[in-house]
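Accompanying notes for the structure given below.
Chain IDs A, B, C and D follow the sequence of writing; residue 1 opens each chain.
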Amino acid sequence: MTHRSNRTLQVAGLARVEGEGALHVRTVDGEVDRVELNIYEPPRFFEAFLRGRHFREPPDITARICGICPVAYQMSACLAIEDACGVRVEGPLRALRRLLYCGEWISSHALHIYLLHAPDFLGFPDGIALAREHRSVVERGLALKKAGNRIMDLVGGRAIHPVNVRVGGFYRVPTTDEIRGLTTTLRQALHDALATVEWVAAFDFPELEVPHDLMALRDVEGYPLDRGTPHISTGRSFPVAEFGDHVAEHQVPHSTALHARLDDRLFLVGPLARYSLNSDRLSPVAGEAASMAGLGPVCRNPFRSIVVRAVEVVYALEEALQIIDSYERPDAPCVEVAPRAGFGHGITEAPRGLLYHRYELDAAGRILDADIVPPTSQNQSAIEADVTAVVRSHQHLDDHGLQSLCEQTIRNYDPCISCSAHFLDLTRERA
Amino acid sequence: MTWVPTPYRVVARTVETHDSATLTLRPVAESLPGFRPGQFAMLYAHGVGEVPISISAIPGDGTLVHTIRAVGAVSRALHDAEPGTVIGARGPFGTAWQLDGVEDLLVVAGGIGLAPLRPVLGHLSKRTVLIAGARTPQDLLYKDELGQLSSVDTVLTVDHGDHDWHGRVGFVTEPLASLPFDPERTTALLCGPEPMMRFCARTLLGRGLAPDRIQVSLERNMQCGIGVCGHCQLGPLLLCRDGPVTGYPTARPLLSAKEL
Amino acid sequence: MPSIAVWKFTSCDGCQLTLLDCEDELLPLTEHVRIAHFLEVTSVSEPGPYDISIVEGSVSTPEEAERIRWIRDQSAILVVVGACATSGGIQALRNFADVDEFRSIVYARPEHITALATSTPISAHVTVDHELRGCPIDKGQLLEVLTALLAGRAPDLPDTSVCTDCKRRGLTCVMVAHGTPCLGPVTHAGCGALCPAVNRGCYGCFGPMNQPNVPALVPLLRRSGMGDDELHLVFRTFNANAEWS
Amino acid sequence: MASQVFDLSGLDALIGVLRADGRVVVGPLLRDDAITLAEVKSATDLPSGWGVEIGPGHYRVRRRTDTAVFGHSAGPQSWKRFLHPPHRTLMSSDSSGFHAVQDDTPDYAFLGVRACDLAAIGKLRQITGGRAPFVVAAQCTEPGEVCFCTSMGCGPAAGPGYDIALTERIDEQGQRFLATSGTAEGAAVLARVPAREAVPEDIALAEQDVDAAARNMGRAMPELDLRDLLAAGRDSAHWEAVAERCLTCGNCTMVCPTCFCVSVEDHTDLDGNAERAQRWASCFEIDFSYLHGGAVRTSGAARYRQWMTHKLGTWHDQFGTSGCVGCGRCIAWCPAGIDITEEAAVLSQTMKHGGDRR
């Protein structure tokens, strides 16, 4: 008989995740009876507020859904509105957007790797305790994060909720000198990023292969970041405008976050999906780092997502350096965007995975309807499935050990709970 | 024009009331030039800030004596400074009480306003009357010391008494209204809240004292002491330079203007 | 070592993240304060009381209204950070919705979702010692408050217009020189004039300055091309619930 | 003093000489659609052919029909930025004591200082002290729409205090500068600049241009004793009227070349080291007049009154001169377009009609 065949694990406040959530696990007779990732983050009704607002406002307003990945919100919002207005932002302005996005990836991933996730693998309660024994390692992580923030400060005007992003481009574009001024910092950061890959690749990873479908963007060239078409590991893909036909959100009793399903199946977005569908698209140095770290063309072990993140940081830095090298200050900081009636869709790859925005505008540019599907709500069911699998295969652990492992499993996804609680769409509730 | 304070060490600290204490400061090395009654120093508490504080006694041995009421962060830090603490001082700044040719002296103080007037008391062989007011008996400064000044007739009054208080209750204007004095020989020195000084001056003028026989000490925000920060303007005056002590003819129109 | 606790209410996490964005100061700071509670960063959670509590987010659920009282009780100094905590944040837009309709919508499934009809600042519930404005707060101001509290001095947090910072930075006024509508003249300083620095008009994310003269600004905004609609929206965004006039 | 004439290459040579002597040359530079002040390394950095269109609360750069480099009036910044920087550390304090800070102000040469600003530099330095900059003045031949230096006795001809004064002229004979030295140091610098000797006609033309400018001022102060006006107008109801329009944003004080007020703040680091630093302050800030318990000047009316009264009135009491030089910056850069000359005029009118609010 396994000891304690009936047990309940309760984590009232999940630590080292962005936003607030809890975990309830119950096993009965050794069988997992219930796993609930309970998101009690209060709802903030963003889609409801967006109705009636002006079409230039979503980049600023939706950024406030999440302080961890505001650029992702701004980028998806801009794409969706530009789509509605029949505009595409190309050339140097798009390159600048990509650069800004690289900044967010670097900063967000460095934060997650060093302060939130690595302590799990090394047995520390937090990054600060980790720093007490490995000061220079944590300092390296903070330096990486700072490099990402420097990009956001320069291109976005502010690292959190950037002020310089607008529909059509930017308010002010940096001068060539300002942009080139980043080079030294980013070169050093690239060095640190490679050291990071090496560091995390040596961690011990519990065995777990997720069976879910993986979904990520794929673009005509490059690793997906600021645009692309949704692709699924089954080989299928669909146009951005059909996102709503495939991904459906539904409310579950235990959470203020909506759960999403892809064609009624469990699925996963984020680094694992992105990597597995695009590992052929990594830049040379990042590709090499990936194989040195032992990542194959596909990676389905969520615990290894920390390695994928580290590789993505390398990619983002290489990409940023490349953009900086070929930067020439655009003549105008943005392209003109005139409102028109219709729908627009926008998807980009937030650090945590696909972020979808859809807007309906009237001819005067007033928003009639808005829909936002953030990565965490797409991943929620998969996270619960993972926790179930982990509990099932680690019954031998004591409560404390099992609980830590469950928490780590959740942290594998770097779930951003603040953003997952954006929704509770007023009309939808009414319906 | 220096912003660098001169280090002084607290050598004695006397608790005066529940929120006020008197510090005696001895120079660590160099000392500042001598102060005259009515002038002030900018006292600096390390890392907390610098504020204007009047000189409240002039022992003549190179020490500085200040009485400080704790009302905010800086005054709290100074007030709390234990013996041994090093404090920065700059000064002397501002104008002094004009005592040349003074015959009878009438000193009226409200609250901490007694501190800058203390150096005047007992240092003159003139006939001196002191009227000092405070909110409660617990707020009265230098109570024991005042009783020992034989050359000073002291009248104490409080806004709110308690069962241990057998003295006067009421504003300083009340004893002032009935006090016998010779308007031809008397000089009045006033220091306290602005409304108090206005009412006292009005009472004195009403009793025949000429405006130029009244001196007041005025207060405005001060951040430099050397006339460069601009905060201490009161109409035409830069109070750190043209004040704090001014004659009533100058002060009168300024005190009567709203929000000047 | 003084203990410090960081708490989250209804918010986006951005203000807490600002603390982690102090990349150079974070580790030195942990040598001078003990992080006793900070869910986003550590699994360690010590019981109270705490010397300093930093609170992010607004009060938007009954549970939060209760929790903030407990935190106040446990904290010697309470610092509230960001537009959510100081004015109710963007989620306070609900305060302007039809409350009855709103209730029926929100409580359609009361067993799942509880939310108050309003999103309110922390100061509407308990007394606060220091307020940091901004959506998000400024990193320099956060460090200023922390170093000031550790040194026992009053933090330097001017409550004047953004213009004063703009001019100190030597930026050119976007309203006067470019005709761009700007809320700088009525908005609380603290960001360092970020928007004018990118040729954009300030959109008020630090909320109103002390005694803003909004009626005097409105005709100027109109002159710069803002219509009634935009005028209405621009004051109803990140600090909708604040006292603009 | 002897005068000489040179063209743009001579001006470039002048900049070169000043730089060769180790000075940081600061002059007008077009940036973000405004003529700002920044380091200039050669004459090509100057805003050749750029002029401005200015009004209350309004400023636009515009193309000129010629290539004048000093053909613009006062911009958003003044020399105050360099002589009295917006932020300055005053002293530091640590366990070893109190320390003065190293003055790292560069050796400045200001290029293109208008008469009004030259006067302002004098008034500012009277209060703040500090090292004198090397001044290359540019006499004003084309005042802007908000200028009134003539009323204030500060221009358009450069008053005392310059090392070199330039007068720019563009006609059939091309673009040239008449340069006159005002100090021995100025003369020594000029001696190293290739130029031709000025002939009487050069000087006559320059005088004629500057005289014409004096008659072309965009604005004027009412002709009366401003100091008396403001002292008498302390309780005027007019202040309330201005307060309705005034944003109390403080822009006027920040752009004014003589407003010198600063607030002093303390900063500490985690290791217990402290610094005191000053930053530009404004009498429009409510905290400016804070006394324990609350600010003295809380109403917008009282704060506007303070600013204008100080500029035009009590500055005389405090420093023996007016605080205003008539550069017009406060008019242009006030978002609300509040015009100090007009407010003075209206105040004097209300005073005449007995507009005393008591």
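Rule of thumb we're sticking to: a residue touches a chain if its C-beta (ideal position, glycine included) is under 8 Å from a C-beta of that chain, and two chains touch if they have at least 3 such contacts.
Molecules present, by chain and UniProt name: A = Coenzyme F420-reducing hydrogenase, alpha subunit; B = NAD(P)H-flavin reductase; C = Coenzyme F420-reducing hydrogenase, gamma subunit; D = 4Fe-4S dicluster domain-containing protein.
Quantities reported herein were computed from a predicted structural model and do not represent experimental measurements.
Centrality by C-alpha centroid: the chain sitting nearest the overall protein C-alpha mean is C. Here the two chains linked by the largest count of contacting C-beta pairs are A-C.
Taking the CA centroid of subunit C as reference, the farthest chain centroid is that of B. One finds 51 Å separating the Cα centroids of subunit A and subunit D. Subunit C and subunit D have centres, each the mean of its CA atoms, that are 37 Å apart.
Per-chain CA centroids place subunit A at a distance of 64 Å from subunit B.
Computed centre separation for the pair subunit B/subunit C is 42 angstrom, with centres defined by C-alpha atoms. Looking at subunit B, residues 47-49, 72 sit in touch with two or more other chains.
Shared contact sites, meaning residues of subunit C that touch two or more other chains, fall at 151, 153, 199.
Residue positions 263, 266, 268, 272, 274, 298 of subunit D each touch two or more of the other chains. Here the chains touching each other pair up as A-C, B-C, B-D, C-D. Residues of subunit C touching subunit D in their complex: 25, 28-29, 31-32, 144, 147-148, 150-151, 153, 156, 158-161, 163-164, 167-173, 175-178, 182, 184-186, 199, 210-213, 215-217, 220.
The touching residues of subunit B, when paired with subunit C in their complex, are 47-49, 72-74, 76-77.
For subunit A in complex with subunit C, the touching residues are 13-20, 41-46, 48-49, 53-54, 57, 60-61, 64-68, 70, 111, 115-116, 125-129, 131, 135, 138-139, 142-143, 145-146, 149, 157-161, 163-164, 166, 170-172, 251, 253-254, 256, 333, 407, 416, 418-419, 424, 426, 429-430.
Note for the complex: subunit B touches subunit D at residues 1-7, 44, 46-50, 71-72, 86, 88, 219-221, 223-224, 227-231, 233, 235-238, 242, 257-260. In the complex of the two chains, the subunit C residues touching subunit A come out as 8-18, 20-21, 23-24, 26-27, 30, 35, 39-45, 60-61, 64, 89-91, 93-94, 97, 105-106, 108-109, 111-113, 115, 135-136, 191, 194-195, 197-200, 203, 205, 229-230, 233, 237-238.
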